Amino acid sequence: MDPKLAKLVTVDDFEAVARGNLTHSAYDYYRSGADEEHTLHRNRSAWTTYELWYRALVDVAQPDIRTTVLGTTLRSPISIAPTAYHTLAHPEGERATARAAADVGTLYVASTLATTTLEDVALAAPGAPRWFQLYVHTDRAFTARLVERAKAAGYSAIAFTADTPCLGRRCADVRNGFALPNGMEMANLVDIVPPDLREGAGSELARFMASRHDPSFSWKDFEALAKMCAPLPLVIKGIVRGDDARRALDHGAKAIWVSNHGGRQLDLAPATADALVDVVSAVGEQADVYVDGGIRSGTHALVALGLGATAVFVGRPVLWGLAAGGHAGVTRVLELLDEELVRAMRLAGCPDLASARDGLVRHRSR
Amino acid sequence: MDPKLAKLVTVDDFEAVARGNLTHSAYDYYRSGADEEHTLHRNRSAWTTYELWYRALVDVAQPDIRTTVLGTTLRSPISIAPTAYHTLAHPEGERATARAAADVGTLYVASTLATTTLEDVALAAPGAPRWFQLYVHTDRAFTARLVERAKAAGYSAIAFTADTPCLGRRCADVRNGFALPNGMEMANLVDIVPPDLREGAGSELARFMASRHDPSFSWKDFEALAKMCAPLPLVIKGIVRGDDARRALDHGAKAIWVSNHGGRQLDLAPATADALVDVVSAVGEQADVYVDGGIRSGTHALVALGLGATAVFVGRPVLWGLAAGGHAGVTRVLELLDEELVRAMRLAGCPDLASARDGLVRHRSR
Amino acid sequence: MDPKLAKLVTVDDFEAVARGNLTHSAYDYYRSGADEEHTLHRNRSAWTTYELWYRALVDVAQPDIRTTVLGTTLRSPISIAPTAYHTLAHPEGERATARAAADVGTLYVASTLATTTLEDVALAAPGAPRWFQLYVHTDRAFTARLVERAKAAGYSAIAFTADTPCLGRRCADVRNGFALPNGMEMANLVDIVPPDLREGAGSELARFMASRHDPSFSWKDFEALAKMCAPLPLVIKGIVRGDDARRALDHGAKAIWVSNHGGRQLDLAPATADALVDVVSAVGEQADVYVDGGIRSGTHALVALGLGATAVFVGRPVLWGLAAGGHAGVTRVLELLDEELVRAMRLAGCPDLASARDGLVRHRSR
Amino acid sequence: MDPKLAKLVTVDDFEAVARGNLTHSAYDYYRSGADEEHTLHRNRSAWTTYELWYRALVDVAQPDIRTTVLGTTLRSPISIAPTAYHTLAHPEGERATARAAADVGTLYVASTLATTTLEDVALAAPGAPRWFQLYVHTDRAFTARLVERAKAAGYSAIAFTADTPCLGRRCADVRNGFALPNGMEMANLVDIVPPDLREGAGSELARFMASRHDPSFSWKDFEALAKMCAPLPLVIKGIVRGDDARRALDHGAKAIWVSNHGGRQLDLAPATADALVDVVSAVGEQADVYVDGGIRSGTHALVALGLGATAVFVGRPVLWGLAAGGHAGVTRVLELLDEELVRAMRLAGCPDLASARDGLVRHRSR
């Protein structure tokens, strides 16, 4: 391993190095949350309001961290959430990320807003499991084309992001007038980028979404989308409420992904740890529940898995890895999280993930 | 828009600019709360102890933020609370504020303590909705005269402030010996200002109120006042208790305005967010409930509206707008809040204000 | 009023001035709490965990703050707790304090550990109400003599301090080797001060108490003491538990004084605000309940009175007043607190103290 | 007493001196907790979330702090938890610690990871009570040999550490590449230390444990161990759950030691104060319950004893004493804690430890 990376002991260490490698406005874009950033900060701190009431003297010689999501078994339950603009972090961008995911045997969810086409992402790691994250555009035909391309390129599920009828306001981006640098583009979307996108104040991405996203998209449309995606399963990402989770299943979703977009959309949305509890209690064993938001260590992941998540996703940690060391950086971040998870499971008396769901986690109410 | 104002992204940005434009003692007067300022600070932080459990996949193409208060439909539910002494902030004073309210289509509540006569305020924006905020003076005839003037000048309601039997102590004003600068006056009250008001230590306003306000005013008097105001409806401002809200309705109030005067009167009074819950549960659908105190963003406003407020009011944000950019500054602050509210409603899955009341807001108890 | 004192707006302002006037070790002695000072700090912050749900439109033209303790009516319910060593703060010492109490018409409780004899304290303000605070010494005959002297000098009650079987450890005093400076003495105790008291490390007062106080004193002894004090009523000071309060009444106490000695004895003892709730609910209307600890404003006092205290006492505020301005300083501190209380009662809708007990105060649990 | 030590008033004072005497990496090794150190910090702060509702007027002339653990009566209930590597702190290492324990009449639990053989520890204080702390090695024969040696050397119980299937990650040790300095060794384990232990990155101790500890050890093995230890009683250390405590008793444990290894193993494990409540309520009077973690004063110890612990143990405080002053330093730390405990019992109205269990301690929920 690159000796520089070997020195980094925590995800926060990676963030510090990444910060040094990134432009100010790219770092801000990655880091920020919406408005006053309450939800951003609570996402992380919420995991630590739960306690791990570990069990002693369980045989933990070989903790098994494998999980199965929609029929695919993953070597690790810590997967890669979709995030935009990876070439901002490193010239190899999404390709490097895809290869790292393949190396550690986890799932990569490619973003609609990637700076690499979904086909090139697929080519970078052909055999590895991958999902495509979808935003719905007013131009429904274009949306359909994206789904077809994802099918053709071997993606095994579509993750529809339901928390983004418009872009949340990240104050830093507005102040920085944040825009993609010359030479980078939203590679999947070149056909529909308005020609005058560069003009205007504030965040370029916010202007793009305001002009192209469809805020009228509702459950009926979702049901149609589920049909359009078939035979690929449709996952709904960005749910926080138990009742919404049930509604999603009724309208064709195959799994629920609890997320508030990393605190980047609605400020004062509940922390995902708390939302997870609500959703798991509504969904029961009926479908997979995933979660992301503020997970920065294997211990945080264990809390999430103990609360009932089938898998967890990390967004920014991958970006910090990518900016700190490209492909090797992402690999190392993912390995580090897995090592932390395995160690935490050993110390918690969990030989496998199912055992974590059996009264290990308690809310720290006292 | 003035490019300097366009750079200001939050109400707090406006406060920072305002602070630079104001004298030290004027800034202190606007900013301060009573005594140890517990209530001042809790007013704001209380909104963030509630969470927005947003709904996904609702058609939010055109969020409707209109509300109707006492029969008047407003383009925005974020209105202007009465605050004293606007010429301290900008030479155009209350006139500028009135025009800004008219521009964005919301309600302006003019203060008894304005530095512009209520007639001139009315002339500044003749067609716009306006209410007159009333303090009750020991000289009851004078009070009656104020009400008559407000009727004559086309005010459509009287908002009686019930939290000010005497002035709360704002330590900064006492230390600064705060007084209206030469050339400014309490324009509605020139007839009853004692000649020797300038003499004495501490806050001039506190001395004025001690000499002219009526601390014996009680429910019987309120009932008489309601009759005197007719046909104008009488709103009671400064209520925190559910039982007081019901008593007010029994004595002729047409609407309840939950307020603790921006934390400027009784320190350790409950935060208005919490008081709102008490009052809404006591009043039910029987009357409008409004609220002010610590609302600094559209997201805070959405919490208030979700807890059952028909409209919300902002005090200091308007003063920061006025001090930062006069008429244009106030307009921009109000627009900013409306934009934030619309965005938050989109992200929260609220096509209109009624939908926000349906389980969106939960107290963050876990 | 002395213009320097007139500038001081809060009790904390007095503390800042006092700090400048006192030697480092005297300031430390006055300020400190026991051990980690949890209880010291919680005493104050606990008052602010209660909220004042004020009532509007009550006639508060003349708030009546009088209270009656053991048959004596006081002009103010904010009285002076016994504290040791007033000549450390000002050459006039306890005499100045006694005169200030007389000026504002409140009660002065003189300490066993005064640096002025109890007879001289009485002479300083002959007509004013005064109690004598008693510690019980192993030499019971000496204790009896103190009680006789108090009777002879016109004290109207004995307040027995029950929280001091030995002295709590105040780390600063141990580090400073705190001792009374030359020329000052425990004037009531000269007969029993051990000749070698000056020798030894750590706090002189702790050594004194270890050698002279009686840690075996128990309820049986208390009952005997009550008889010895008769006809003077015996008040028990330093109670935090409801069951102890009832036991005290059963053994002859005439009133309960909730106190943890200003956080100077047992660290992690409950804040007195919380203890007050326990004691009031155990005692009901059967006896007066007083409280002290961390009260630094009239608003704090109103919380205490609203929770059911008949009177409140302040310790350190009086010392800060004395150190800042002698007799005038104490007077001003007491006036300030009374002004704050009257203002808070006006703003809270309380024409008298009884009305504060009727649902005004709620714990801030949300 | 050494005048330098006499100046140290609290355990924290000892830590400050120790820090100056230790190398950076030795200090880090002693101080650190696992990962984000939530559990490390909560261990200490949890004691202060409980309150001592003291009783007045109890005869506390001679508080009796004796306790009986597994048939041995100790002069003090504050005993010495097993900690590794005492020669890092002082050249006399574990010998000095053992003598100090003997001086104050408390129990010393010697660690498997001592830098002095268990026989030499025994020789240093032959008559004093001592237990041997055991880790279980993959080499079961070696483990058996350790038990035999402990029996032969007069240890009166075996304390099996159940929270260490592998070593928790202390980030500072990883960063420092922490290893035992030349000239020091794990004296009990020289036979099984791998020859290449010095090679490799990160913490040497983590590498050692990974290669020699047995993570498959489970309840069945524990039962066999209990038989092997007989006639010595087997204590289980590192339990946090009530159900695990009962399971341990069912499998042959004679007492339960609530511990999370000083926050050094599983981060987000519950604070031991809270775990103690769980365990005491499960175990009742059936067996002794001990506790360690974050106890830094006699007052903290009183909380633990009041919650039902038969004895408490301190880890780091002993190391600070040793580093600050060798044998005398440890003695002084233990005396200081006993003095604090006696004083707190006096002030709390506890003539003995049983009386502390009778409603003295309440959780600070309000």
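Note that the chains are named A, B, C and D in the order they appear, and that numbering of residues resets to 1 at the start of each chain.
The rule is short, and it goes like this: a residue touches a chain if its C-beta (ideal position, glycine included) is under 8 Å from a C-beta of that chain, and two chains touch if they have at least 3 such contacts.
Keep in mind the model is a prediction, meaning the values are calculated, not measured.
When you average the Cα atoms of each chain and compare centres, the chain farthest from chain D turns out to be B.
Both copies, chain A and chain D, contribute mostly unmatched positions to the interface they share, with under half of the numbers common to the two. If you average the Cα atoms of chain A and of chain C, the two centres end up 60 Å apart.
Averaged C-alpha coordinates give centres for chain B and chain C that are 42 Å from one another.
Listed for chain C are no residues, as none touches two or more other chains. The full set of touching chain pairs reads A-B, A-D, B-C, C-D. Across the complex, chain A meets chain D through its residues 6-7, 9-10, 48, 50-61, 297, 299, 303, 340, 343-344, 346-348, 362, 364, 366. Listing the residues of chain B that touch chain C in their complex gives 35-36, 38, 49, 162-163, 165-166, 168-169, 171, 174-175, 201, 215-219, 221-222, 236, 238-241, 244, 248, 265-270, 274-275, 278, 363, 365.
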